[in-house]
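Chain IDs A, B, C and D follow the sequence of writing; residue 1 opens each chain.
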Amino acid sequence: MERMGRERWLDSMVLCRRDIHAHPEPGWLEYRTAALVASRLSALGYTVTTGKRACKSEARMGVPGAETIRQHEERALRDGVDPAWLEQMKGGHTAVVGVLRGAKPGPVVALRFDMDCVEVGESEEAGHPPRQLRFASDRPGLMHACGHDGHTAIGLGAAELIAERAGELAGEIRLLFQPAEEGCRGAKSMVEAGWLDGVNYFLCGHIGVRSRTLGEVVASVDGFLSTTKIDAVFRGKAAHAGESPQLGSNALLAACAAALHLHGIGRHGDGATRVNVGMLEGGSGRNVVPAEARMKLELRGETEALCEYMVRETSRILEAAAAMYGVTCEWETVGHGTGGEGDRSLIPQIEAECARMESVGSFVASMPIGASEDATWMLRRVREQGGRGVYMLFGSPLAAGHHQTTFDFDERVLGTAAELLVRLVYACPGWPEAPGTGASGGEE
Amino acid sequence: MERMGRERWLDSMVLCRRDIHAHPEPGWLEYRTAALVASRLSALGYTVTTGKRACKSEARMGVPGAETIRQHEERALRDGVDPAWLEQMKGGHTAVVGVLRGAKPGPVVALRFDMDCVEVGESEEAGHPPRQLRFASDRPGLMHACGHDGHTAIGLGAAELIAERAGELAGEIRLLFQPAEEGCRGAKSMVEAGWLDGVNYFLCGHIGVRSRTLGEVVASVDGFLSTTKIDAVFRGKAAHAGESPQLGSNALLAACAAALHLHGIGRHGDGATRVNVGMLEGGSGRNVVPAEARMKLELRGETEALCEYMVRETSRILEAAAAMYGVTCEWETVGHGTGGEGDRSLIPQIEAECARMESVGSFVASMPIGASEDATWMLRRVREQGGRGVYMLFGSPLAAGHHQTTFDFDERVLGTAAELLVRLVYACPGWPEAPGTGASGGEE
Amino acid sequence: MERMGRERWLDSMVLCRRDIHAHPEPGWLEYRTAALVASRLSALGYTVTTGKRACKSEARMGVPGAETIRQHEERALRDGVDPAWLEQMKGGHTAVVGVLRGAKPGPVVALRFDMDCVEVGESEEAGHPPRQLRFASDRPGLMHACGHDGHTAIGLGAAELIAERAGELAGEIRLLFQPAEEGCRGAKSMVEAGWLDGVNYFLCGHIGVRSRTLGEVVASVDGFLSTTKIDAVFRGKAAHAGESPQLGSNALLAACAAALHLHGIGRHGDGATRVNVGMLEGGSGRNVVPAEARMKLELRGETEALCEYMVRETSRILEAAAAMYGVTCEWETVGHGTGGEGDRSLIPQIEAECARMESVGSFVASMPIGASEDATWMLRRVREQGGRGVYMLFGSPLAAGHHQTTFDFDERVLGTAAELLVRLVYACPGWPEAPGTGASGGEE
Amino acid sequence: MERMGRERWLDSMVLCRRDIHAHPEPGWLEYRTAALVASRLSALGYTVTTGKRACKSEARMGVPGAETIRQHEERALRDGVDPAWLEQMKGGHTAVVGVLRGAKPGPVVALRFDMDCVEVGESEEAGHPPRQLRFASDRPGLMHACGHDGHTAIGLGAAELIAERAGELAGEIRLLFQPAEEGCRGAKSMVEAGWLDGVNYFLCGHIGVRSRTLGEVVASVDGFLSTTKIDAVFRGKAAHAGESPQLGSNALLAACAAALHLHGIGRHGDGATRVNVGMLEGGSGRNVVPAEARMKLELRGETEALCEYMVRETSRILEAAAAMYGVTCEWETVGHGTGGEGDRSLIPQIEAECARMESVGSFVASMPIGASEDATWMLRRVREQGGRGVYMLFGSPLAAGHHQTTFDFDERVLGTAAELLVRLVYACPGWPEAPGTGASGGEE
């Protein structure tokens, strides 16, 4: 790309990121963001799919209540979202897929970007860059504090470059813009809708993740923990705590007992597990025996089996804690990420492209992580079908850790990430087959 | 009173109650209500005191934060509250006292009425009378669900009748309109401001309290439990629950442990005790080790000593629960009601007046109660000084229990209560002295 | 009684008490004590019943295991207990009843004495009187630390005096020597065997109970708490705690959770309750997930209904605690005392007799108590049938509280108690009928 | 060795093992066993050290109380233990070291054997081989259920063969007979006494450990968990649970709370941890607020740092649990094993010797284990000084798992283990130096 074009391209990603940052949308409610993506992909010549064909309705997890959805749809209309896109997406079906087919045969390459924000109120500090530069969140309690605004901008930046060189394209490109990554709620619905079927190469990643040097690239993240997210509600009976406490059934104490006992789930000899009751609230008045309590928790395991062990233990404990206080407990799975790791055979290929890039300063082959991601569902489906994929990291110093109110990254990472992805897209038709898999690109 | 006058008087109390019901104000923020009371008393000829001279600033408990106070004061101005009154009351000093002195010597008689609402959202049901008759709360999450709207209306109704017959008055009448009865936060500040000093007869009471027949009067409630209300906040350290849970200090689990252990405080051989953690909430995100948790709790005891035992145990448990998780706990007393009971020597006097009233259908000498009230601080001060007082109940069927979203009472109770109070005010100069106390009215 | 006779009689009670003290026997295993009682009553002319006809086998609670019973029976034989009595009592049926009928008609009067020791090892201190005077317990871990040795001696002392004056007797005398009062295990079995049926007057009591002046008599104890004693065992699965903790099911943690939650059973608005997990043990090795845990607990309530509330809560908590850890819990009631109080109409009669006794120094009409006793089952049955009864206290200074290793009393209390009981036996044919009951003695 | 000599040698080990099995002795009380070892080594020509010079007194952990020690010493005398040895060992200093120096220079080689039994009552089943062959434990509640009887027999068998070929010996042989391996209490005291200083090669191991084929050898066990064993005692105040529960301070509930919270110690992001409250007991009577409770627990970590994290958490929790109930908690470390693994450079050397042995059927280079051992302290000290060591397994089918009442092994494993150790002793002077350590045997 000639220099002026590159400057303009970099600027457009920055503007895009800031626009999305200013209008953060939580999972399954990314109407404005998804419509922006869909319009842009469409304008660039991609065949765009959104709504229920982009994400299988029943496979979505942690979908907000009907009233919340309705309010966000109304707001989207007020904000000028194209009613045609909104109509397709309505009811919380905000996945977007853009497909471009090359003239020549070649592999199917899928890139995935996530679009949702987190439920954190953005810092009011004057020195916080998004506030200083006037693109801070306009929605109280919502913020792009995990960098998905950047991810979406990278996706659209890559989409533009790929489209520019569409004539050279071999095989098929699928750009997957995923809703609801936070809480591991969205990826599976795109897998179930079939978008990973037939994929030979799958590329995705994250900017930031611990503060790292700008220009550092990690080719493959290992050791994602399998995770299950659960919401539970305990319901008992209120009573006047002074006059007749015995008439009540204390839902709050049941929740407290559950929280303590969940954190006491025994260690497992086969590997690491985790449990966190992240949020709990209950009770209606100081002098009333609490009739209701709610908790949000997550479980993790080094393997899917370990995570299942944690879920079984949790199920028993929730029910026993309810029984302990004569109350009921209803709980549901609202998110699920599987374990997984990238395909190490792609590391040399990525290293080769990085070596050619001026903006890549250091290269790390692989790095373990103790966190969870639902892109693992996509990695798994691709691998099950003989394809290969990786989850990369694109280094940037961070103003504060992910999900914190002063989170921010160095916007120069957008160019590095988008350029590397585009390079990989054009390079992969030439890659050797995965050893032992018999997977071959290009034949379809 | 002639019939038409009585009808008008009854109607004016109903209108007053509905006006207050429509604009509920929580404890220490009763600007609109208190200003209404102050204006009305002033117009009737009472000498009105409000602000810091009506309630001792440091003796107030559970005062809301500065920002909340500011917002309510702004709202009060927008709602048309007289800035002169507001200026006196500002900073949460919403007590009002009206004094009327008779021409003749006589006892000092004090009547007490409470003005605050509770934090309950009023029922949206069309059939709920305040909604049907269009005087439901205009403030989300706030409601007069305990009848204090009625109490204030009774107070103003009584004020009017007493003023009408001011010429006959012997001694001194003090009408005490108390803020923040909910949570036992306000009475002590009026006691400390000296308004119960020198009082010979003290009359107060409640409408409703368990659904009772209209026209029933209980002359004296016994067995109030001494109570202390406490707010606690636990503060620890957040951490990513998947990658490095060991870096966190879990404030939520500390709160849960505290809640369970508080409910496990041992029984006391000397009498009844109570504990209730009525509200608890903590945590900021599902995958974050919770760094903060808050709880609201109350303790009670059949005697002040038993309540103190509960407070000592609570203090130790809160600190130990914090230590258990390496977090801190700060707690404060936000309310305190002492135990107490009425003076039984007044029962025959009340019975005598009731016997003369058409609207009183049945009379109960005394009734025990397992609840708490801070009028007990007033009863205690009066008694300490040789005076006599009672806490009465004025029967009304209730649509739902106190503090429930569909709470409502039969407005005819307003007339019964106000009339009885006025009768007692005019009767008490003639009552015999309290046996053995040597208390004598009228000499000051 | 002439003086020398009285001295001899007093001495014989002291000797009897010391003999029993030296050979303490726990509940249902009082073979030596019961045989001594049976022989003596028989020699005095009473018709003696023991074994299954004296206590209904199925109504006994907390009976020791078969092996323990066998060992005590063997020991009893070795100790020279008459095999004829042992044969009747075997299997833990150690109740003894002695009946004497007068020549004249008159009321049925029953007196009850308990015989069992407690599981406490007697003090080794040289200054402890039973050790100094060489009648300390010869059985490690067992001691008459509650005064039942004295009670049995009083019973035999009274039996002697009554028999001496048998010719004057009107009606029927039943002397009930009860096993297993500790843990409230024995009284009900004698009630179920019918020995309280037809009783007009029932007299029983306790020496000591808080340290009191020698010569003080309390005519009627009030406010016994209803109580239920429960043994629970939790069974899970052992596993190596280092290699594979997940293969275990932790019975000890289930027991610990149960203990904490039992102490957290909510207060009841209707009155006092109590809970105490008095003993808990579990686990087999430091590095083994505990597969078993056992606990002994007791529940109390001011009324039978309150005690039943505690039992219901306990039942739910034990099961929920087991479920919490995936283990089982089996529990059984091993003792039960009902609430109750004496008949106040007997107080003046008792006062009258006391007034005639030189050894009675002070008289207390009634006294509340926060403890439990299973003589309450007898009081209840007598009352249900129109009879009257009281539970008295016979004052003595105590060297240490009941159940402590240095417990001891002033042996002069034996004479006071026995004399008062005999006086009452002979006086009661002349008492007025119970008001309103229509109960009349002497007609059978 | 000629065949007949070998048969005799094998038989002598079997007889030795059975003799020790019949007289099991717990940690620090192995007077009979240690005296037997000391006498035998002395007879074979070893320089024998025992008592405080063999194990540093202050570095011993989990030493029994003075009274227990006294009883075992008396019993040892009654059992005919040589008073001269006993005098040296008294007070629980039962370590024995035998040293043999070769004529030629060469490396220092140390072999370690443990001697203590476990606190398990041996099975009464007639078919249990030690019972069938009449060498079952003669001490109730004590049993060699972990194979240390075999280890001691192997040590003495090896001692004999080494002594027979003393003329060929190069360097120095140290045979370490360690007390109190159970609970990881003894090894450190021998390390602190200096017996691992200067050691070039350290060999130790275990028979059995999961049921394995006879003749299988594992050259090096990896992944021992670092562990700390703790005993805690909570002391509060007794009170009558019915009359005045408030006067008590409940030590049992404090222990229960501690147990639950200890099992809730948070997972650590750096690796595996373990916690087990293996035993807990408290309380003195059903109706007494428990004044004392005791617990035995163990902590583990994949690394020493992780184990220290668990100890820090435990310390805080024990103190907080005590504070929660107003009781005290005293705790002490009664055992400690560090993590560790063998030196892999020795594996080929061991494989080479195994290949020459008829009785070795299969060879495993290394195997991870989730358990703990205190030989790790010896491995660590040897490694710190540049020496090398391994912990081997000698396969045997097991009748039941370690520490179970029917534990037994195939006695043929004794010959295999002893022969391999002797071969290694004579082979190691010829081994290559440890790579990179510069450690060289023989020069001293």
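By our rule, contacts are C-beta pairs under 8 Å (C-beta built on N, C-alpha and C of every residue); 3 or more make two chains touch, one makes a residue touch a chain.
The UniProt protein names, listed by chain, are A, B, C, D = Amidohydrolase.
Small disclaimer: the values here were computed from a predicted structure and weren't measured.
Asks: Steps needed, at minimum, to get from subunit A (Amidohydrolase) to subunit C (Amidohydrolase) via touching chains?
Replies: The fewest steps needed to get from subunit A (Amidohydrolase) to subunit C (Amidohydrolase) is 1.
Asks: If you tally the C-beta contacts, which comes out ahead, A-B or B-D?
Replies: It is A-B, judged by the count of C-beta pairs in contact.
Asks: Let me check something: if the centre of a chain is the mean of its CA atoms, which chain is farthest from subunit B (Amidohydrolase)?
Replies: Looking at centroid distances, D is the chain farthest away.
Asks: Shared interface numbers for subunit A (Amidohydrolase) and subunit D (Amidohydrolase) above half of all numbers used, same, or below, different?
Replies: same
Asks: In steps of 5 degrees, what rotation angle do you get fitting subunit C (Amidohydrolase) onto subunit D (Amidohydrolase) on the CA atoms?
Replies: Copies differ by a rotation of 180 degrees.
Asks: Please work out the Cα centroid separation of subunit A (Amidohydrolase) and subunit B (Amidohydrolase), and write it as a whole number of Å.
Replies: Subunit A (Amidohydrolase) and subunit B (Amidohydrolase) have C-alpha centres separated by 51 Å.
Asks: CA centre of subunit B (Amidohydrolase) versus CA centre of subunit D (Amidohydrolase): separation in Å?
Replies: It comes to 69 Å between the two C-alpha centres.
Asks: Listing for subunit D (Amidohydrolase): what residues touch at least two other chains?
Replies: Within subunit D (Amidohydrolase), residues 242-245, 250, 253, 257, 260-261, 263-264, 266-267, 269, 274, 289, 370 contact more than one other chain.
Asks: Which residues, counting only subunit C (Amidohydrolase), touch subunit A (Amidohydrolase) once they are in their complex?
Replies: Listed in rising order, the residues of subunit C (Amidohydrolase) that touch subunit A (Amidohydrolase) are 243-248, 250, 253, 257, 261, 264, 266-270, 289, 309, 316-317, 319-321, 323-324, 326.
Asks: For the complex, which residues does subunit D (Amidohydrolase) have touching subunit A (Amidohydrolase)?
Replies: Subunit D (Amidohydrolase) residues touching subunit A (Amidohydrolase): 260-261, 263-264, 266-267, 269, 271-275, 370.
Asks: Tell me, which parts of subunit D (Amidohydrolase) touch subunit C (Amidohydrolase) in their complex?
Replies: Against subunit C (Amidohydrolase), subunit D (Amidohydrolase) makes touches at 118-120, 183, 225, 227, 229, 240-245, 250, 252-253, 255-257, 259-260, 263, 274, 276-290, 293, 296-298, 300, 369-372, 401, 403.
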